[in-house]
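Labels for the chains are A, B and C, by order of writing; each one numbers its residues from 1.
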Amino acid sequence: MIEIDHVSKRYGDVTVVDDVSLTIPKGGMTTIIGPNGAGKSTLLSMMSRLIGMEAGRITVDGLDVTTTPSRDLATRLSILRQDNHLDARLTVRDLVAFGRYPYSRGRLTVEDRDKIEAAIDFMQLDPMRDRFIDELSGGQRQRAFVAMVLAQDTDYLLLDEPLNSLDMKHAVGMMRMLRQTADELGKTIVLVLHDINFASCYSDRIVAMADGKVLHNTSPDLLMTPETLASIYELDVSVHDIGGHRIGVFYR
Amino acid sequence: MSVSTTAIAQGVRTHWRTDRTPLLRLGLLLLATIATIVFFMTINTRGNWDFVLPFRARKVVAMAIVGIAISVSTVAFQTITENRILTPAIMGFDALYMLIQTMVVFFFGGHTLLTLDPKMQFGVEVAIMTVFSTALFWVLFLRSRYSLYLLVMIGIIFGALFRSLTNFAQRMIEPSDFAVLQDVGFASFNAIDESLLGVATVLVLASSLVLWRALPELDLLALGRERAISLGIDYQKSVAIVLMATIVLTSVSTALVGPVAFFGLLVANLAYLVVGSPWHRYTLPAAALLGVMALIGGQTVLEHVFGMNSTLSVIIEFVGGIAFIVLVLRRRPT
Amino acid sequence: MSPPVSASRTMPIRLSRSIGLLPVAVLIVAVLAVISIAIGVYSLDWRSVLSGDGVDHSTMVLIESRVPRTIAVILAGATLAIAGLIMQLLVRNRFVEPSLAGTTESATLGLLAVAIFAPGIPIFAKMLVASCFALMGTFVFLAILRQIPLRSPLMVPLIGIMLGGIISSVTTFFAYRYDLLQSLSAWTTGDFSSMLRGRYELLWLAGGLALLAYIASDRFTVAGMGEEFTTNLGLNYRLVMISGMAIVAMVTAVDVVTVGAIPFLGLVVPNLVRLVMGDNARMSIPWIAVSGAGFVLLCDIVGRTIRYPFEIPISVMVGVIGSAIFLVLLLWRAPRVG
């Protein structure tokens, strides 16, 4: 369980996250949505100790993220940011192996190797395991980074806009894999997404943010109504039931 | 069952294939370096072995210390700054050391304790240097995340400022004979200050050991700040350790030969090319060996083949400048 | 950079302010010039100067040394600042100037070539050779810039600095081989202490060139917008570009051959003036000339008095102050990542 307790973050005079309190239960997939500048990524970064907070407290399974040793947290929680640029020339396998660092500090055991192989298999990266990261397509690279996070084998997986730079086919593939990770491996997945329809089709819960505040924290079915979406995005959205999912249409 | 065995076997095979090549190349580098040293020691001795050997041995040690200090510090620095263009020298750290050197004379000039013992003075300088450059680095890199080009630019201009201030302070000290103090504009590899050789050796070995012990952290830091933290590194602590080792190494090399802007850039990037592997257990030794080899080999060729003594650093600047432009132009957009 | 819309909106205020205050600035420079003439190791006897017989020692010092020096300072300061601006207009990058584009270093290389191959030729010929080298160096710089997609405006000065470094290392190499390091240091270290009558007059040529640049400044602004834009307005792009760069190269060469290089001047002064005046080149050139002259005069006066009776060369003084200001300009509202 991730508990966010009256957390605020400011950059200069701008308050990006404004006194947010939120509980993300263990298991399943929670998606954070909201317009640009809502504070979604900042909140995710604070949950994963990448940036500090001005006020409040965040705990993961009772561990305060600002005081718990980084290495202990790394065995419970992993984060994947949207930037998947990398200057170092690493092979896919090398990159995925980094996921085992919190356990082995660079000396891989047999168990580490098994986890690495499993992560590579799970993300269907076997054919390109020895290719260099910078030679891969955007979608393949994104999968390699997810495989690294999977090899880290943490209960909580935080992903910041994992669908960025993916085309439709790869975006669907990525969401299916994340759903599978939550269902088959029992991981807790927290995502920041821009696309409300992906959020609606795959998530167990949706947290909607705007102007640094949490507006809604509910199930996709309850969130996907024209009134609620209008309150988040200040835009008219018509909602339709298609194939058992609620789809928002807002293009005209 | 059979599937997983194949997977593991495959894993082992790829493991070997990726691991052996850099090790082999490192071995070849080692051989080449030893050959260079032997060549330098024995060329044109004209039978004066008793005089020439100890004399040249001291030179070899001095150049090796400088070569290791510059190349190792550059690789480590490029790792914590996550790019392959910046070096401690380009960030103006060597110019800062020169400034501190001058300021120590400026403020403690009459102080007998310091002027009597060059080692003591050296220690004071390194201590001040560590404090100042750590502070500078912290403000520029960790408090505000500037873009790479801006950082390079800031570093170069800081270097220019430090050099001007050094020049200024030197003229304030003793304007009549400032010419003696003033550096000629380029470093000298064949007139290394040997009184500091003992201290320098200890400091370089100690810093290299610190970096060697931090090898896994270095590999992780190369992934970038956020990934390193996510993988459980104590980012600030690791960066601080690596940075301080870098600063001590830069101080040592600057104290011994003066500022060399591009040597580190050249050697570090050559090392990445030669080993073809991102792991620091290969890149650090490769850079060190290349640094030693380039200095001693370059000096041998210039001294004995072309009969030129003090031009090595000028040639390094020439090649290094071109390498820098090529690196900037070839950099992929982020 | 401020958007052009807001610049044009505030123009009337700036225009009136600029016209109103320019005489004040000129007056300040005049006062500085008088101070510059008055100070020195030999204290002038003003009464004997004013008595007007023209043969006493004070008058000699005044005519032979003090006045030439002060004129040299004013001319060098004003022309280098304008040369910096012209280069910024043509390259359309506010962080370039002759010493950040390989121009100054190329001029020095030219002087070295003269010193090696034809040491006896007159100073005017030396200056011409240095100008040609400076021009060639500048075109190499422009050619490199044209080859690459610029991902950051800061890449322009970065490449210029590195090109300058490469050229400098060639110069140092040959200066060392031909035992000319002493002369090299004179060219690379700007210093007014040797400005006597008969040794500074070449700077008037730089003054004339700067005036020419003032008259043609609109064309340089247009050329900076690009080849298509310039041709569209009926101007010959190549001609404007070459003549502009020729002016910059000659001003730089004159400066290096008489005073020695003064770093950052051409960058700092136009940028500081721009902060107040906006981007209109034609309007800001008088201000840049006056500020450049005043800035160098002030630095020169401080350099002569701070360690009296010794002198701190102008390149060191401007190097310290100029690089400090440059850093502030870089960090002030600097673009940040993340």
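Odds and ends about this structure:
Simple rule for what comes next: a contact is a pair of C-beta atoms (placed from the backbone, for glycine too) under 8 Å apart; a residue touches a chain by one contact, two chains touch by 3 or more.
For clarity, every value in this text was computed on a predicted model and none was experimentally measured.
Of all the chains, the one whose CA centre sits at the greatest distance from that of chain C is A. Each chain gets a centre from its C-alpha atoms; the one nearest the centre of all protein C-alpha atoms is B. Annotation: 55 Å between the Cα-based centres of chain A and chain C. Between chain A and chain B the centroid-to-centroid distance comes to 40 Å (mean Cα coordinates, whole Å). Put simply, the C-alpha centre of chain B and that of chain C have 35 angstrom between them. Only residues 95, 144, 147-148, 151-152, 154-155, 157-159, 161-163, 165-166, 168-170, 172-173, 176-177, 181, 185, 188, 263-264, 306-307, 310-312, 316-317, 319-320, 323-324, 326-327, 330-331, 334-338 of chain C touch chain B when the two sit together in their complex.
Residues 144-147, 149-150, 152-154, 156-158, 160-161, 163-165, 167-168, 171-172, 175-176, 184-186, 261-262, 308, 310-311, 314-315, 317-318, 321-322, 324-325, 328-329, 331, 333 of chain B touch chain C in their complex.
If you check the complex, the residues on chain A that touch chain B are 48-50, 69-75, 78-81, 83, 85-91, 93-94, 98-99, 101-102, 105-106, 113-114, 116-117, 121, 129-130, 134, 149, 152. In the complex of the two chains, the chain B residues touching chain A come out as 4, 7-8, 11, 14, 17-18, 82-84, 215-216, 219-220, 222-227, 229-235, 276, 278, 332, 334.
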